[in-house]
């Protein structure tokens, strides 16, 4: 099986999963006991108004018809109308998604940049005090309730030290290109804005990354230890190659490759935890929006957020798989 | 016989390993010598300690191993007393090892060229820089070695990943990697035994040719007596972490002095249609080994003394050394070092 | 001559204004006064005809001007002139005529006229959102007419006691701006009635313009330079109105100085904590809020008056007002004590466990027979504590309680029908318009069934009759008498456990001046009133 | 008689040896032992909460607002919460809830996930495909997001939170078992069993499943912590246990508004969750060392 | 008529390509093999990796379905049997795998492992089964009480293989496939196992199909040998004939590469022939005679003609163009076959 075919198949595999996901979440949203229309119209609305809006939104039709028209809408880029924000859900997503994307991406980068070297060090110094310390700290990262950590961070860095802003994304850079503040300010060489954005994103990104970082550190440690036991590691030593070359080029590439798919999966945990972290930091992202729509029983918002999260997760894993194939020739040359 | 002494001389090497079951006395007073230009085979069954011996020479023992006694003298220098840095200078450039399994001893995510280039560039260096500067000379040197080990289309192989190569080709690449540093001593661990017999045959022949033309000394580690007979000048038979017997290759196949060697050879199925009964029992428990002779519980000729006193490796006949109470020393043992 | 003198005065005035304004405009650029206010609830809509919650009111009050304004200067909620300079009421109480102030500019720069006022009223009545329900009983589209550019007349179907007070809630909108930006929608010739426009910008004449609005997190408002009331140094020029859900975060923000003012919904212990921080002022005022537990009179066994009375007797009011609400006054009936029209002669229930037990057995229930559901709104911790107190009090008389927290939306949803409404629901009710009617007719007249304010589903024909009479009564004394009579009747039927008129607390940095509490929902957070003296 | 029906008591001896060896491997890491210690302590607390708690009534409908938010003292070692209840007592009872919540959720996930994984992996075919497709759908969103959606669709309480989490959790076991089956299916002992004429049911349950148990056990151990974390996340958003239930997540959610001034109300339950999850994670790591025969196993001469 | 007969057995594995899993080719693992094993005899399948010998054995046991061809056991065709009938036949056909470390379930005790076939086929009462397990352990020369309750990993390789053999014997089979039964073992242990297998064959009248790449071993255990190369049998003969007078160039090369341990043996093998290259992948079998790219005796036509297995002596068949009557040039090999006709 060629690599290109493999990628193509992975992409096409996403379609039934997304259809399934949309059905699942559609059904869940329709059995929710709340009446979003009532909710949207406010406490003083009367029956007539409610019925009117219900018709307008097609909620009087049978569920499968609602689903079909929803899917048809999605293909036109129309995710329906949000009863919570009273505008097109697509517009909401456009506004909220970049914030989440920026946050989770930075958290992921942070996790990898910190987790990989820590994992390598722990593996190299296996069973030393440093290793034990690393492991306990890493496990602590996994074990901390994320929202609790977020609050503690706020108390430490904003309340006691006053170093970082407590909430929000900060002011948007003058020119918005991608909607990612860090990137936009860099692109326009607006370093002040960059620093401001960085200060704002620092705590939420760290709070979010801690678990994944720990996960990655553990994985890298385990697979580095495994790689170090392999014949080719011993062989490399026997050739008289310097240890930094062996560890950081030879073994790390193998270890990273074998942990790559799990790193991709851990992006899911990041997205999941974003639902809690964004709330604490009042980060205007999709997860924040998602919780609000959920509490407001805003069907269209909930479904759209779930789908976007699903797609983001799937695309990440797809990219990871492609990257995996790219660095591991065993995949590229179709062993499996 | 050799005024300068052997190239490599292992004396009384003892290695213990910490395991769950306790302290495993894996090597017990191993003694082995290799002279310049000589090919020596270390023969033994699974778990007899032959690979540990090889790894001990290069200082590549696993972390739970502990050297408790002895010395490994290479050109007069005791490798066991060298620092990791000094060993680093020896590995690959003076002593090189060809690993056993071609499917696992190559790094799967780097091309053959990358792995060779790195060895050419960084062998013996303290640390490597980030980039790889592949000059035409480096590339030339790599291709030259690939040609030396008879890889067809070296240019093509240079850019390939191990997974794209056949087993025989991978084995050749492993040999190439070991030869890059022009070592004086080559350790070949079960060379070719993971390959099909027809391919194994090619590789062994080619290596023999390389050794002959390059004046290399070789330590072959194998469980296959036929292979040992094919390639070596002298054979050490190892049992239970000890050297049971040493003899010139031609002679040991005619007549074995140690009961273990006898049993082992008898067990080999022959084309003549004969095949022995095998040896009773199983390899010794290294945590609680037999008190004196480690072969004693399985030995058909065991005597009282075998349980009380450890038999030492003595020269029972000319050039034939054996560790067994059945064979006394030819003269005053210890007067002469074993020699080839 | 006279004209000339006028002209001269006008010229002089212009010159004077120019002289003051010129350096002022220069210096005003230098002296920006930013202000950060934190609220825990999001602004659901900035269209005043879109929502009635406190945050949305904040946006309306600052972006728009109501026709009348509470008399904050005197510390009362009595209506005083604002956009309307004066008004007359016909003797039958059915015709209200307002004189509109001249020279009021919308943010578009156009001058406001009576047309705009009439348009605004029609729009609310047609959209049927926001405060429309306040006017719906007496007005319909077309009831408001512009007599001339500066006179508007409202023709009511019948006399309506709270009408003048409701004019505080009529936030006048820029008709031309809206009509120029119609999108297709359900309102015929009016399309969407500007709904989509008002998602992006305001159409008001208020002291601030909306600069940016991210619904979930932040609204930025900037000073409207041409505001008709003018500007003085020290007034706030830019407002960052942020939404932060977490109470701990809110505290962190004000303590660290990242916020200048935080909202009233923090818990009493939090305010206690803030009080001890130097540089922070916690202002406490007796509120016009009512905190009560609505008992669903249509749901057995609470349909039995004796059971309701028993529960009312079982509750420990002292602990609630002293230890949970810390410093609240005990609620005396549905009307908060400070509201004009409250009936001081009402006798409410007090804690009497023996009596409660007796009532319960009279009603035919034995201990353990009854399990009731108590609903509280997640995010309002005091309601949870009251629930815990109620549970422990009711245990004493053998009633079991299940405590259930649900988000506000779900509470509203469950209020729709008596069957879905829980036995007891905890509600903070703030005066919606400055009239006793809000807490009597608005909570106990069957017309309000289905809304969260009427989760008692209270029905007593005698009370209904009195309430309707009171509303229609033109004579103020008569009116108040009727409302007081209604209060007495209602309390006897025990449709709610009246617990507290809590203290209204708000925290701000000590350099913020000019804050005053008037009781009416949202009107204390008019940023125009504040000055910052750092 | 007994000796005959149960020859020589050998199995118990052999088993004891096995356990002994496992315990030896486990002991090698002090962190694993620490993890076990924490877990044992928490289970102990859960079982003996009524005995250990200084004020057992405080876990119920007791209130004492006079003593609300008192800092740690001799009477209340970890302080009191906003209803004047002893936090230590409530935390001890909270251990019961958290542990049983995890056990129930994982019980459901295992009971549903494993058979499905076995069927999908061993029988395969159209049914297997269908199972894995459905599993993929469930795995397409993070569990907490899915659990959130489900809790929002139900009445918020402890039982429903459990149902919601289990709803999002089972596919992980299906996928785990599926992967295990796929690799074990290729093992020779499975082929050997097939060669002997064993039916699929026998192979799935007698040959494959016993070999997957260790992996499942490790995951269950690690998940014990993660379920508690997820549940606390739901409680944080007000979708979990209802008052006066002394659930840790709810306790944090209730106490967090009093930070930083009355720090103890949220901090101690937070620590409890932290320690529990840490304990189960360390234990899980330790078990992995025990079961993963590759690690540290030395074979002489090979 | 042998106990086990294979006729024109073909086993192809499809190679799919592209997104739609189009079938673009086949791995011709077994490509038309005829075999006949006489009752009580031992047939050895010899070949290097990729020759298809293991696949063939699995097809014979119906652990894999055949693509085409027939396999019969005791005169009864088993390629088309339904599951129920197959179960009955399975009792009489057993397999012992190459690696006892992986063919024994690590989570089961030895007694459970040996008892398993009895349980599957519902043989006997628990007491009878227990006695039977003890008997079987004795038969494979393992002290029964000591071993019964241990787990496989606490046994040595040789002991494990004995357990595997005991399991295979549990149902009194008539035919056992021995798939590289000793290649994972040391020579001294190998000899013990071979001795045991021989004795069992003698005592129980078993029929063996041995799969091996070790010609020296095969020389000592087999009656008849079939040499496979890329899915086809290239030569088959009685042991003496094959070693004494190998006909096929591949067989000769294989024999010449055997590492020997004595001069007597060295004298028995053909002069050293070193083959170039390695076995091609079964997915791309060369045209004509599959061996031709590596063959030292290649002649014109080898790349076009697929040679049939033809009789080259009594019970001696080879498939090489040199012996094909249609292309015959027997002169070339006259020397080698002298005295055999």
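Just so it is clear, A, B, C, D and E label the chains in written order, and each chain counts residues from 1 on its own.
Here, a residue touches a chain if its C-beta (ideal position, glycine included) is under 8 Å from a C-beta of that chain, and two chains touch if they have at least 3 such contacts.
These numbers come from a predicted model, not from an experiment.
J.: When every step has to jump to a touching chain, what is the lowest number of steps that links subunit B to subunit C?
T.: So the least number of steps between the two chains is 2.
J.: By mean C-alpha position, what chain is farthest away from subunit B?
T.: Ranked by distance of C-alpha centres from subunit B, the top chain is C.
J.: Distance between subunit A and subunit E based on Cα centroids, please, to the nearest Å.
T.: That pair's centroid distance is 54 Å.
J.: Find the geometric centre of each of subunit A and subunit B from their Cα atoms only, then give the gap between the two centres in Å, rounded to an integer.
T.: Using C-alpha averages as centres, the distance is 52 Å.
J.: Mind checking the centre-to-centre distance between subunit C and subunit D? Centres are C-alpha means, answer in whole Å.
T.: For subunit C versus subunit D, the centre distance works out to 48 Å.
J.: Quick check: how many Å separate the C-alpha centres of subunit C and subunit E?
T.: That pair's centroid distance is 91 Å.
J.: Enumerate the residues of subunit A that touch no fewer than two other chains.
T.: Each of 33, 151, 155, 159, 279, 295, 297 in subunit A touches at least two other chains.
J.: Residue numbers in subunit B touching 2 or more other chains?
T.: 46
J.: When you check subunit D against every other chain, which residues touch at least two of them?
T.: Correct list: 155, 256, 259-260.
J.: Residue numbers of subunit C touching subunit A in their complex, please.
T.: 42, 44-45, 50-52, 128-130, 132-133, 186, 195-196, 199, 214-218, 242-246, 248-249, 252-253, 255-256, 258, 407, 409-410, 412-413, 415-416, 450-453
J.: Write out the stretch or stretches of subunit B touching subunit A in their complex.
T.: Per the stated touch rule, the residues are 55, 58, 60, 88-93, 96-97, 99-101, 104-111, 118-119, 122-128, 161, 163-164, 174, 177-178, 180-181.
J.: In the complex, go through subunit D and note every residue touching subunit E.
T.: 7-8, 10-11, 13-14, 18, 187-189, 191-199, 202, 207, 210-211, 213, 293
J.: List the residues on subunit E that touch subunit B in their complex, please.
T.: It is residues 48-49, 156-159, 186-195, 213-217, 219-220, 243, 253-254, 257-262, 264-265, 268-269, 274-276, 278-279 of subunit E that touch subunit B.
J.: Tell me, which parts of subunit B touch subunit D in their complex?
T.: Listed in rising order, the residues of subunit B that touch subunit D are 17, 19-20, 24, 26, 44, 46-52, 62, 64, 241, 286.
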